[in-house]
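Beneath this line is the structure, given in structure tokens, with notes to follow.
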Amino acid sequence: MTTSPATARDHQHQAPGYAGHKADHLARLNKIEGQIRGISRMVTDDRYCIDVLTQITAASRALQEVALGLLDDHVRGCVDNAVRTDPDQAEQKFTELNDALRRALRL
Amino acid sequence: MTTSPATARDHQHQAPGYAGHKADHLARLNKIEGQIRGISRMVTDDRYCIDVLTQITAASRALQEVALGLLDDHVRGCVDNAVRTDPDQAEQKFTELNDALRRALRL
Amino acid sequence: MTTSPATARDHQHQAPGYAGHKADHLARLNKIEGQIRGISRMVTDDRYCIDVLTQITAASRALQEVALGLLDDHVRGCVDNAVRTDPDQAEQKFTELNDALRRALRL
Amino acid sequence: MTTSPATARDHQHQAPGYAGHKADHLARLNKIEGQIRGISRMVTDDRYCIDVLTQITAASRALQEVALGLLDDHVRGCVDNAVRTDPDQAEQKFTELNDALRRALRL
């Protein structure tokens, strides 16, 4: 879980795009942590494979929902701000966003 | 996190297909739980959106790896066993597997 | 679009698992080919990005539906047959299926 | 393959965000159309299920690459332009983008 020096330098004194939705994202992540713990308990209890798989799919979907929310916050916050104030930084944001989408789409 | 009465009845006295890999799956799930906690910490610390997204993608991929492992165990264990011993149960297993794959592929 | 010599040798004189659903798969693939052609036409006509993306998502989902159908046919046909007749070949089928699922889940 | 009246009205006299990459997107789509035709031929020829599945996964990945390219063009073109010129339209673009990502991520 490392941060490149560049992004650390650029962003350390600035609120992230998701600042207005922090509590919401934390609540969702907390719920997902509970889902993962529940899945571990199912495995410990020798629950049926397909029932475990169903819960993994649900947790995976919940995680993608958090990613979608963060992407929305990022575009409305960080990308919007860069476009309005600094063309060079906007260019960097577009590339970063594309790389993040590539990873999210598993390409 | 419910189990249908039918699957509970059919499987309660039988080791799941993943019995031989329980420790491995639990170790992976434990690591994923830690990843989710780390993501919550990043949000709490106002870390940059894109860096949080990168970690969500990594956790999501790790979760799919567990799903893939369970699917493999299920086919080699439960499906194989049903095919060799009980054609009616095999039919049910094929349908269940297809439904699980549909959910995993998000269709 | 190559086939490994091994699979070509093993399967060349045998109907594929999807033999009973060939017409159905071909109809779906034909429809998808039309969807792709429609997407090309949208791009040629300078249609709005988001509208093009919506159609790409629809074609992508239709393609996954064909994959899911083929997986179902494969398990009910080829895997079932191998388990009932040849333990060594069954082992190979399980590994092949797992590799195919890994690719389909983009892992 | 319908377009909502709103997007048709807003965009009909304006070059799409992907205008600069049209030839590239059309070449990729043309190649994908050939891939789909090749998959149909494999099914017609009774080729082995797993080999057909491998080609479906490849075509599906190529389609996601086109989607990723269009998303990049859309953000650098349409979203950037809206942010710089019209806050109300920017708001609409953010919502549209989020909806498109939701569909692309299959949520």
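Residue numbering begins at 1 within each chain, and the chains themselves are lettered A, B, C and D in the order written.
What we mean here is this: a residue touches a chain if its C-beta (ideal position, glycine included) is under 8 Å from a C-beta of that chain, and two chains touch if they have at least 3 such contacts.
On a predicted model such as this, the values are computed, not experimentally measured, just so you know.
With centres defined by CA atoms alone, the chain at the far end from subunit B is D. Fitting subunit B to subunit C on Cα positions gives a rotation angle of 180°, stated in steps of 5.
Rounded to whole angstrom units, the spacing between the C-alpha centres of subunit A and subunit D is 22. The distance from the centre of subunit A to the centre of subunit C, each centre being the mean of the chain's C-alpha atoms, comes to 30 Å. Shown for subunit A are the residues in touch with two or more other chains, namely 61, 64, 67, 71, 97, 104, 106-107. Within the complex, the subunit D residues that touch subunit A are 61, 64-65, 67-68, 71-72, 75-76, 79-80, 83-84, 90, 94, 97-98, 101-102, 104-105, 107. Residues of subunit C touching subunit D in their complex: 1, 3, 7-8, 10-11, 15-19, 22, 25-26, 29-30, 32-33, 36-40, 42-44, 46-57, 59-61, 63-64, 66-67, 70-71, 73-74, 77-78, 96-97, 100, 103-104, 106.
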